[in-house]
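See structure below.
Chain lettering (A, B, C and D) follows the sequence in which the chains are written, and residue indices restart at 1 in each chain.
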Amino acid sequence: MNYIILVVFLGGALLTFFAGKINNVLQDILFLASILVPASLFFAYVHAGNIFNLTLGGIHLSLGINAMSWLFALIVLGLGSMAAFYSVSFMKGKERRGYFYFNFILTIMAMTGILMSRDLVSFFIFWEIMTWSSYLMTVYNGKDVQTVGIKYFVFSAIGAYAMLMAIVVIHSINGSFMIEDLVRSFPEMPVNMQILIPVLLLTGFGVKAAIMPLHVWAPGAYSNAPMAYTSIFSGALSKMGIYGMVIVMVSLLSYVPEGYWFREVIAWMGGITAVIGTLWAIKQDDAKKLLAYSSIAQLGYIIVGIGIGTPLAMMAGLFLAVVHALFKGTLFLAVGAIERQTGTSNFREVTGLIRKMPWTFVASLISIISLAGIPPMGGFVGKWMLYESLLTSNHYLLVIVIFFSSTAAFLYCYKFLFGFFLGQEEKEWANVKEAPVLMVVPMLILSFFSFLLGTYPGIILKPIDAGMQYLGYGITQNHLWQTSVIFNTWGNQVVLQPLLYSIIAIFLFFLIFLTIKSFKQTRYVTTKDISSSGEVPKEHENLTFSVDFMQPFMRAVEPVMRRQIDKYYTGLANGLEALFDFMRKIYTGNGQTYAIYVIVFVVILLLFKDILF
Amino acid sequence: MVGTPVLFIVIPLLAAFLIPLLGMLWKELVRIVPGLVLAYMLVLSVNLLNHVLIYGPIVEVIAGWRPPLGINLVFSAFSGFLVTLVVFMGLLIWVYSYRFKRNVDFEPAKKYFLLLMMLITGSVGIILTGDIFNMFVFIEITGISGYALTAFYTGRDSAEASFKYLMLGSIASTFLLLAIMIIYSQVGTLNMADIASKMHTIKPVYKIISFIFFITAIGIEAEIFPLNGWAPDAYTEAPGPVGAAFAGIVVKASVYAIVRYVYTIFDLSGAYDFLILIGLITLIMAETAAIRQERLKRMLAYSSIGQMGLVMVAFGMGTEEGVFAALFMILNHAIIKSLLFFSGSYLVYNSKHKYIKEVNGMSKYLPITSLLFALGAFAIVGLPPFAGFWSKLSMLTAAADSNMLFIIALVLIVSVVELVYYLRVVNRIYFFNKEEKTEPKKPTFNALIVMITLGALILVIGFYPDAITGILHKASADLMDKGQYIHDVLSLNK
Amino acid sequence: MNELWFDIMGAIVTVIVAFVVGITYMGLSRKITARVQNRKGPPFYQNFIDALKLASKTSAIHHGFMQHVGPAFMMITSIMSVLIIPVLRGNAWFVNLNFHGDLIFILYIMVFGPLGMALGAGQTGNPNSAIGVTRGLSQMVGFEIPWVMALVALMMQYHTTSIVDLMNVQIQSGMWLMFSSPFAFIAAVMAMLGMFRYSPFDIVGAPQELASGPMSENGGKYLFTLMSSGSIFAFAKLTLYVDLFMGGAGNLVELVIKTFALYLIPMLYGVTSPRYRTEQSIRWFWGWPTFFGFLAIIYAVVF
Amino acid sequence: MINDKNSQKIVDFISNWARKHSIWVLGYGTGCGAIEIPPTMTSRYDAERLGIRGAATPRQADVLLITGYLTTKTLKRVIRVYEQMQDPKYVVGFGSCTINGGMYYDSYNTINVLDKYLPVDVYINGCMPRPEAVLSGFGKLQQLIGEGKANGATKYKENLEWYRANQKKVIPNWVMPEYNW
């Protein structure tokens, strides 16, 4: 069954691609079918037991699923299906539909393949398919392909090649590509290999997870891809990096003494990533860029959780991974809907959409609250567990760093909601309609789950627990969670259900109070009817405050923002290109020079013959 | 047995000489005959290869003089595989260029096909021969037809490029002759197997000096840095299919020659490391030069050189895995680089300077060609699930097994550079708007067939590498077994 | 069922107490400010009258749903925090949700309301509101750092995140945390200056600059709800400080004394200070208060 | 229960008491009279002891204090501000200018009688009125509120057309949102 799913994906991708030549509706149907059919096959028939073996090119490949990858498959296929529904509506009347659908399905296939891989070669193959299909989506708009697209692919390639190097090194030691064999033999490896292999693998996974010095591709790539895709790009694809990191951090590094330093370094890198991502997100004026940086920051939290590696921290990291897929997926979809309806995603241009696109607003609101980690949404549970795990594992400063980042996150959360939905309602956007049903419903479903997980985290903590047991956390971590209660290792608890009821009760009470109190004399006035020194704003006057929105804060953190890691990379790239240009000049185009090279070559060989041979 | 290896030399050579005569009978014969000959040779080589894989190598003795006195041809798994590859590429090049210069008169076509046949003869000869002086002859044949083909367009630039090639080629010949002289003076034989068996008797100084001369001479043909000055010019100025022929045929033959010298004839332990060193330098220099090129074919040429450097590194590991990887890379490189040359030359067909920027937005006019170019680009940088991935994986695995971590890192870093310049072109094809006024040229039917065949091969090997790994394993085992080679050749004496 | 009613009644009592105490403190602060400025000042119950007046306003306008529910969001924060923070030690009426949430929950629920309120302010379309919100959020990033550092120091030192446990620690040891963790107390008090938004940190409301900022479009019942919520919230925050650093309170009188003593700090500091600019305020919090926060953590680690 | 007359009376009494003792003033400092507001509010006279304090925006204010003459230009803004205030609301005319134009009575662009455009509840006489006069004016206003007689807003609503006609007479380009109660 394992390989049938992949084949169905692949066949579906090709069929969808060519169906576009016949009929658009057929193409849409085929597209949905080729996501949903394998997804349902997956959940119906794939269990931890069934393994499919194959020998290709003399290499033993093996596909199968385990409790940990099942959890991630849930993210990939769940979010993938939602984004697929959304895409059908999103892509209506756009160019290159076949291209989009093809790469979309291929990415989902590759991610499923990664999760199924039990050996490193098929892991790498699917990893690279994922990379180039996502690259093709990054350049879908044809915008900045030579800068953003190349940057993405170069970083992905650096990561992938680091991983490839690790894979061949592992093979040279083990004589086997199987992940099980790696896990089994890792503790016995020589110390330099115990350091080299995790470093290389973590570089590979870190690129996709946008960990700090390797994150520079993310803002451009996330914002350039079509939003229907970016939601899985950020929601699911980046989780593949997390998945890999989980395996490395837990299955390999928890058994060797060097693991401690790896854990600390990775956790700190995650923390710094979170801070940098947040600060840059605050600065952005484009919603896509903002969410992209925010994704980097959120992935930073997840990495912190995985880096710390205590049961509670791991649980927090994985829970945050699930919740991040839910809320960031929704937010990117919401931006896509707004961009489709208005034609722009810039906060400076769009304002006051709340009455035009109420459902998009509701979905965004729930997701933003979840993102900010405010109860009673799912994000809170993840953040809570993360803080508690940091506290209980004595990471005094890291918890401050994370807290700073997560507090500063409120700034961009507010900016996102304010920029699009609030502020003055403009005549320019008076005719904007709510996005089509097929786009709104997936967003609402996803945001409903972020809400649900805020009160009943047990729904998802159960598979997480199962996955952690598979990874070797031993017995179930039942002392840390119940369906609606979360504990820390000191025994302190948060009982979510009564808290939710209290919140709802208070909210309803005051909502009713505000509504019925002097009901008849309460009236709605337009946003033009504001108290601005007695002035009546003209139709064309937009009083919304959207330029330099967080300027005071930016001024306060300006010393940090002055250093951009991107600049160093650009400098490095330019320097290299200049060097290459210089080296290119060795080929002068002059025959005599070439002849001299030949003579010099011979002379040098003759001179150094004793050394060389 | 359907045929003997000698037919590989005789038939194309004969065809080459007959082409002008046949052209007098019916002009179309000039185009048809090479195809028939190549097709026959392909059938022959496949059959022979099948036979060889089962029954062991065939050693053909020419004119009854047994080795070590006479010239012999060795069709083993290793050389047979390369011959098959060369002939196959030749056939594809023929199909591709069947309508080549159709609209012009018949003279250029005659010359073209004649020279092409000579080129193939020479290359096949280099691979098959078991005699170093005979190899020199074939190298000369290949070289001369190569010079002529480079100057095919009779323009100023092509003349210059051809002259450069000629000049370096002549230096190569000189050094090769010198090397042969040294060897002959020391062991008194020209037969490779015989030399190999007597190699331990030569004084190290002579051995090394002759090796250096060999390497220099063949290195020029095999495009080793810094001896490859001619290559970019020649690739750029020669017609599109000839570029593919250089990349797919000539270079392969030359690499074969180097490998044969290193693995079989000489017993220098440092030679392997030297191959790695020189391969790495070539790789780095070529790839870094490629990233800054402005012309498409020049870029492809540098990329080709770089790939050959990589092959050299793989050979330099001196393990069976390394040879396997190298052969795999040779195969992939032949397929993919030809595809790139074929499709690339259509992308810049009507432009004067063949600048890379002139491919901007070509995907709208030449969708299939563009797609195939993109496929080739993805494949050559080693992205799965395309053909290039498996060879890269096997190369790296071999390197890791030889504990060459530094080399792995270096190769992978250079791969990133390679990735960048290929992606830049692909991006231009797909995502830029067409600026230049040049009219895009639709590929001919033959050209399309060839390109699609190559594309399909890339996918087939990519999804099912087992299709050829069996042959490659046998071929690499064959190369590694030096004693068997000597035995096979010299046993004919008894 | 009886238990549920008892819980609800207890909650209502708690909220009423919080409202009364909080609003009285606000009135007292006006009185004290006036006395400092050599004025007679309004009566201490002036804020009651104001609230009553606002409640008795007959008309109200809103610019949309978010503005309409904004005050309700604000109320969630205030009431939830007053329900979760232990008001009195061991008094059944005031237990409420004390054992259902912990410090981290408090930290986050405290943001819920302001964010909802900020959304309401955003929907008015008044630029002053949005500017006020951005200032408020920026300042929050400023003062949360020392505040969280202080809390982390406490939590690290006593290995608990529960406020009840921290309170019990003080009872058992007989020593208030403000003495046993002095640096944490200093950092927390400095953060409190920002939390109460008196001068020099009153950059959010800033009536002379921003026309009361986020609240500039709220009148009548909306302003009344916000005002009541503000007083409950102020009480909740003070109680939290008392619980954490002064060993909680056994009865209401003790609570009032302790909270009022704490309340005087930001108020008196505010009376004598002009207003900061936003970035000055943020940097102030990242200066000495954060330094004391570090000291607190080091202290917690060492001892 | 609310509709019950007696309880309504009690509610009214309490409300009026609260309104009386909590007067949030939006000072519209159009003319020179604004200079008298600071002494009124600060320590010498300390209006806050009577529950009088400044309001930042019209949404929060109870009293619109018009300090001095109004030009036709500022009248428009004043009307706008007045209409944005929440019920119940009062207007205090401050200084002679609001009564009869004061020393600018013959200027081409000032309003002579404010009452024709906005319903003034209390006038404070003087040019300028001293803080004592201001406090006394507010005392009068408090008295009126307490008795429930400060019903300028009701008057304005009832006679909206008349007020509008007057307003439109002096304000040439009338682009303002409708006042709809």
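Simple rule for what comes next: a contact is a pair of C-beta atoms (placed from the backbone, for glycine too) under 8 Å apart; a residue touches a chain by one contact, two chains touch by 3 or more.
Here the structure is a predicted model, which is why all the values come from computation and not from measurement.
S.K.: Could you tell me which chain's Cα centre is nearest to the average position of every protein Cα atom shown?
M.R.: Per-chain C-alpha centroids compared to the overall one single out A.
S.K.: Between chain A and chain C, what's the gap in Å when you average each chain's C-alpha atoms?
M.R.: 36
S.K.: What whole-Å value do you get for the distance between chain B and chain C if each is reduced to the mean of its CA atoms?
M.R.: The separation of the two C-alpha centroids amounts to 79 Å.
S.K.: From the C-alpha centre of chain B to that of chain D, how far is it in Å?
M.R.: Each chain's C-alpha centroid was found; their separation is 97 Å.
S.K.: Send over the residues of chain C in touch with two or more other chains.
M.R.: 57-61, 211, 216-217, 220
S.K.: Provide the list of chain B residues touching at least two other chains, using ranges where the numbers run on.
M.R.: Correct list: empty.
S.K.: Considering chain D alone, which of its residues make contact with at least two other chains?
M.R.: Touching at least two other chains: 57, 59, 84, 87, 181.
S.K.: Pull out all the chain pairs that touch, please.
M.R.: Touching chain pairs, listed by label, come out as A-B, A-C, A-D, C-D.
S.K.: Can you list the chain D residues touching chain C in their complex?
M.R.: Residues 14-15, 18-19, 21-22, 24, 42-43, 46, 48-51, 53-54, 56-57, 59-60, 62, 84-88, 181 of chain D touch chain C in their complex.
S.K.: Flag every residue of chain C that touches chain A in the complex, lowest number first.
M.R.: Those residues of chain C that touch chain A are 11, 55, 57-66, 68-69, 71-73, 75-76, 79-80, 83, 97, 99-102, 104-105, 108-109, 111-112, 115, 118-119, 122-128, 130-131, 133-135, 137-138, 140-142, 144-145, 148-149, 152, 155-156, 159-162, 165, 211, 216-217, 220-222, 225, 277-279, 282-283, 286, 293, 297, 300-301.
S.K.: Would you tell me which residues of chain D are touching chain A in their complex?
M.R.: 28, 57-59, 76-78, 80-81, 84, 87, 175-177, 180-181
S.K.: Which of the residues in chain A come into contact with chain C in the complex?
M.R.: Residues of chain A touching chain C: 352, 354-355, 365, 369, 372-375, 380, 383-384, 387-388, 391, 394, 396-397, 399-400, 403-404, 407-408, 410-411, 413-414, 417-418, 421-425, 488, 490, 492-495, 498-499, 502-503, 506-507, 510-511, 513-515, 517-518, 521-532, 543-545, 549-553, 555-556.
S.K.: Contact residues on chain A for chain D in the complex?
M.R.: For chain A paired with chain D, touching residues are 521, 523, 525-526, 528-529, 531, 533-536.
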